[in-house]
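Two complexes, one shared chain (chain A), two partners (chain B, chain C).
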Partner chain A sequence: METTISKTTAERPTLAWLRQNRGTLAVLVVLLLLPFIIAIIDGQSISSVLANESGNSKFFQGLLIEIFILGLFALSYDLLLGITGLLSLGHAMFFAVGGYLTGILIKSFGWGLVPTIAAVTVAAIVQALLFAVVLPRVKGLTFALVTLGFASVFHIVVQSREAAPFTGADVGLQGVVIPAFLDPVDQRLRVYFIALLITMVVYFLYQRFVDSPTGRVCIAIRENEDRALMLGYNTFQYKVIVLLISSLTAAFAGMLHTIHQPIVSPNIAGLGYMVIALLIILIGGVGTLSGALIGAAVFRLLDFFIDRWFGEAATFLLGVIYVLLVLFVPFGIVGTWRQHSSQFTHQIEAIIERLRPKKENPE
Partner chain B sequence: MSDDIILETYNVRKEFGALVAVADVSIRVVRGTLHSIIGPNGAGKTTFFNVVSGYLPATSGRIVYNGQDITQAPMHRRAHVGMGRSFQITNLFPNLTVLENIRLSHQAVGKNSFRLLRSHRRFGEHIDRADAIINRVGLTRYRDLPARTLAHGDQRKLELGMILAADPEMLLLDEPTAGMASDEVPELMALIQEIQAEGSKTVLLVEHNMNVVMNVSDMITVMHHGEVLAEGTPAEISSNETVQQAYLGNLYENLQEASDHA
Partner chain C sequence: MEWLLENRTRLLTLGILIVLFLLAISGMPAEEWVITALRGLALGALTFLVAAGLSIIFGLMDVLNLAHGELFMLGAYMGWTIYVRPDTVIDGATPFLLIASLLVLVPLLTRWVRSLTLPDLVDKIWPWVGLAAGIGLLVFALFQYPLSTWDLENYAQSPISNAIAFETGTFQSPPPAEFEASPVLVIGGVIVGSGLLALAAAGFSARQTTLRQPSPTQMRNIAIVSGGLFALAFVVLAINNPLTEFMLGLGSTPRFFIAMALASVTGALLGWTIEVTMIRPLYDRPIYQIMLTLGLGFIILELVRAVWGRPEFQMPRPAVFAGTGEGCPATSIGDLVQYQCATIEVLGGRVRMYNEVFIIIVGLLVLGAVALLLQRTRLGMIIRAGVQDSEMVEALGINVRQVFSQVFALGVGLAALGGVLAGPSLGLSNGMGARVLLLALIALAVGGLTSFSGAAAGAVLIGLLQQFIIKYGQIGINVPFMAEPFKPSPPLVPASSVLLMVVILLILPQGLFGRKE
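Right after this comes the complex of A and B.
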């Protein structure tokens, strides 16, 4: 009893997959070539790019790495809020735990990269479970406040004088020596490719997840949790899964952040950093996934160019731009675009419907 | 207890503060029958449904389903023991398509819900079943439209379809025809009867339309102020003096008034 759909996809799954994702794959190819394209435009030789010599190419690689990190962070927030409808205000902690742990383990304990990755994994799982423990007890806004509470405690702890030997308190964690093969300055191109690869793989996995039976249930929970429960879904289990995925993603984004910028500032644990994730998915489109990446790019590039062109007035201007974006593009870039294209298809459908001969009712 | 009884409640009580919405209701629902609950607005019918389906915890009392005490069972567990419920106020996934609403209902009682990295389209059994049901409830032409865009009557059909997809042993239907155009009502009721008869399912039905109830029910429980006023076959209920005087006559008038106003 195969359906036609599964038959056609079963024939040539790879081809179908390539066709479905051609847009994303095109972006991937461009991003792979971008360091070299910029170099050529700039009159810099390919070999100097490969040798990580400084120049515009190297500079924009750094900017893009930041975009990838922000994109991963926003993606993990979109999975919670946009896909599953879970409002957490403690998301900065998910990121900062990865960032701090990486710095502390490398600097204070001399750990290598592999055990550090293992430790970040364990920490991400533990913090997701910590959030999960309170889930059945609190709903909606209360959950948001409880998670804000967790994150605030974490923020205070990393800034405390007692933790200063490890975290550097309010000055931040400085002097982390990243293993030479990932050195953010000398091996910028390698870090760039790794960050790009991770971002793309995570993005594809997220797309896969949202389309899977489990992911569809998460969307159902966002739409109407009571109905999902009544259908027989133990919604708690799905939320735990989503918290785990989100926490792992954010923690590894935090780890990348420390690798790329070996100074861990307590800002990444603050409420303001969580608001950045929220702002990014608002710009890109809540619940769209791709909006998280596009939003991250828009956010970071706006920040960079406005700052470069307007200097003093930049912060004010950015505020105005964000307010205008949220007001006039309420579903975000991707959300609004999708709505327009679906409105267009609806219009065509309506026209076809009108042209179709009506079946007459007997009587 | 005879195993003919699918659902039995013992002194089920639900209080909202000082208000006793359901006052010690004990009923027995015989397997394979269509059992109706009637009563005026505010009688406590929906609240009783909410307690039986686990949406609200009972203040006291016991609920036994197929010999199993489910008084404490969470809502999602009750779907897996064979209970399906519809709501008086339409309760769907508004932005998901008709197909997806029903597919999710079928997936819920299957074994594929914890597959994280395969497309849900690969699990064709759920789609096939959903398509069969969409056909059955007559929504084929709306298959790929979001549920919120459907007319009210079609949303009620979708709701019925969602219950059917899970293939429950017992259907709890809270005014399935509420707000439907009167010419659509017989069609939906006929469908409910058909489903009940061919699958030897049990239906517990809350319904305001007296004609409908008298025609389709095997057994009727009359609720009033949270209590059971009377119980019996349609013939018994319509000849019951207390019900007649205290309630039915009154309700008929009310219904008459309501339809006059409309």
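Right after this comes the complex of A and C.
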């Protein structure tokens, strides 16, 4: 105990934090520079990148923005499923509400960006509370079915003829005019940096949350809810908190999606889109947080290249990859890596322990 | 009295549902509500065929099989192929049986592989080499194999025009396909390729540390099955042309029943294979089973899209239920038998024999058969006990896991049967699986997740609700304070049943007929 305290006081907290997250920070720096690096490799000048001229750099910025959005969406799902152990099949609704609301408010009502953000926040809180109302009554698979029910109703309503003037029915919401300073075509570099920033901030906040006492209780709920209850934790309260955080993140991911795409298709409200989130955290590793971001990158790039190389058969191959992952790599990239690295460090520690001369106990 | 108090919420909910049903009936003339109710029951019967399997599988092994809808769809497409293009099925049977006969041998080969002592490096690499070589050879040989089939690129030979030609009676099967390469080489390629595949699979499974050794009787049975399949493959090859002619010469009615039987059996075999190879390793990780079945659903969907194409088409109705013209619509049973009418007259309205009578009869038969199986046989007793408490059953010395494969096969077989039944009434489309899965899940949730009778009741409830809402979408509901009657648009129909599920689950989390935990 003594030693750990002296260690933390010897080093300033900021420094310690920087040291702990040096890997992530390095990735952040690389991502900040990536548009320029691609431009240099491609023989484009830096000024043309800053002026958002078309080229490989701009194309990859678009791809990366999509990865960030998917990553945020998967992160929010990982918090529900991987950390708290709540199986919700209605997660696409969390995302689609943000996406549709942004599109409708900007297009049909001509709202500015700030009131839209406020409205999306309110909507996210409301839908999280809607899910929370159900929570104490239904557990486990019944909860999954009820959430699936909510999401299907939303999906059906969005696609219905009655809602066509606002949502564009099954064609989707088109022609959303994004404010000029966030225009996804003319100001892509700015959108790229904003999306990167949001993703990184959310990721660090999530990590902080999981390490906090509240987050620890959430993990306890995943492991054994009855036991957490018996220890005196009001598990319902913690689940509501998690639902709120998850819903807010997903809704803002949906908002970013609308800003980046200017088109909202009803597909994002369907079960298929939730499966994408599931696939991503499965690729990255369930309950690892960083796995959600890595999984999003792997998924999007895989999707992109498989689509380019195999065309029609792409979905089939993705399905096969998915099943193989479930059967043979259940811990995902990050999970498997952690397992092996911990084995590795254990071995090294054991060797060091053996080499160290035996000392008398100070007590 | 106590029972009444205990179940007051349940009774109240049922009462409200009955009142709503009576209200819905009172809004339209008698012949209309009879037809609507029959349609609802038919849709309920189809939903029940899917929900029954889902409910037993979920109750017994806690696996929510999200691929069940796509398996229903696969059953429909398989049924269509057997019904309209038996020549393709007979052509494809030989290589399929050959591959199956060799893959069945995997447990025997595993035993043999384990007794080998190989150098370390060879031991590590050879299954991968065998896998690659086997797949390569198999793909190569199968592309050479003659198969008279449809052509997705060419409209005149696509499944749609096949179906239309069959319905109008102008369908002519293409000339039987001939071997272009030497038959010995192609068939030898299939045998050697699948043999390599089986060896590789044995190599992989031999690495598992916990492996159950098959008993001598099991080994003998495996050898007999394999030999039988192998011989059957060559029998089918030898009588290929006469068999094809016989099948094409049969009337459409016997062929439809053959399609129903064959598709259910194939579905059951497929279900058995899925359980043994994919679900069995995952019993310790429940959430991954849901994910696996989701992925499986996508694979099946893409397979169907690749083989049968994306456009929707209809399965032609068998001749018994397709008669029109003289004496139709039938007014008596005698007329019905004599003229084989497509429709009969009930209370002045026309009821379609296939869509609204035959499907309900099959649904009732299956309901009775499965109920008998559950109540009167030893297997049924084990299943019922396993649903209640599988640990206790295992403690009594019964191997529950062995029952799992049989139950999974039964469930998928029923779904495939439902698919074939749905072909002539709902049509074949890529979306039918997802639609019926949603309905079946709702039926399951409404009726109580693990209760078989609940699944049946839920399916009927959902079917009736959907059809009545569709009907009211045509005639409109008179809502107070609105000048024009409100007409729910077709996409809102599924939404209504989803809402019903949500409401019922909120009032009764264990469903209408489920037991309290």
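Assume the second predicted complex is superposed on the first by the 333 of 363 C-alpha atoms of A that agree within 3 Å, B and C clash if a C-alpha of one lies under 4 Å from a C-alpha of the other, contacts with A are read in each partner's own complex, and residues count from 1 in each chain.
Note that a contact is a pair of C-beta atoms (placed from the backbone, for glycine too) under 8 Å apart; a residue touches a chain by one contact, two chains touch by 3 or more.
Treat the numbers as computed from the prediction; the structure is a model and nothing was measured.
Student: Where does A:152 make contact in the superposed view: on chain B (first), on chain C (second), on both, or on neither?
Tutor: Only chain C; A:152 stays clear of chain B.
Student: If we overlay the two complexes on their shared chain A, which of chain B and chain C does A:134 touch? Say first, second, both or neither.
Tutor: second
Student: Which partner does A:142 contact after superposing on A: first (chain B), second (chain C), both, neither?
Tutor: second
Student: Could you look at A:275 and tell me whether it touches chain B, chain C, both or neither (first, second, both, neither)?
Tutor: It touches chain C, and chain B stays clear.
Student: Output check: A:315 vs chain B and chain C. Expected answer is one of first, second, both, neither. What do you get?
Tutor: A:315 sits against chain C, while chain B stays out of touch.
Student: Which of the two partners, first being chain B and second being chain C, lies in contact with A:223: first, second, both, or neither?
Tutor: The answer is first: A:223 touches chain B but not chain C.
Student: Would you mind writing out the residues of chain B in touch with chain A in their complex?
Tutor: My answer: residues 53, 55, 74-80, 85, 91-96, 100, 103-105, 107-109, 112-125, 127-128, 162, 166.
Student: Contact residues on chain C for chain A in the complex?
Tutor: 64, 278, 281-282, 285, 287-288, 290-292, 294-296, 298-299, 301-303, 306, 434, 438, 441-442, 445, 449, 489, 491-492, 494-495, 498-499, 501-502, 505-506, 509
Student: Which positions of chain A touch chain B when the two form their complex?
Tutor: Contacts found on chain A: 1-3, 5-6, 9, 205, 208-209, 211-217, 219-220, 223-224, 226-235, 241.
Student: Spell out the residues on chain A that touch chain C in their complex, using ranges where they run on.
Tutor: 81, 87, 134, 137-139, 141-142, 144-146, 148-150, 152-153, 156-157, 159-162, 271, 275, 278, 282, 312-313, 315-316, 318-320, 322-323, 326-327, 330
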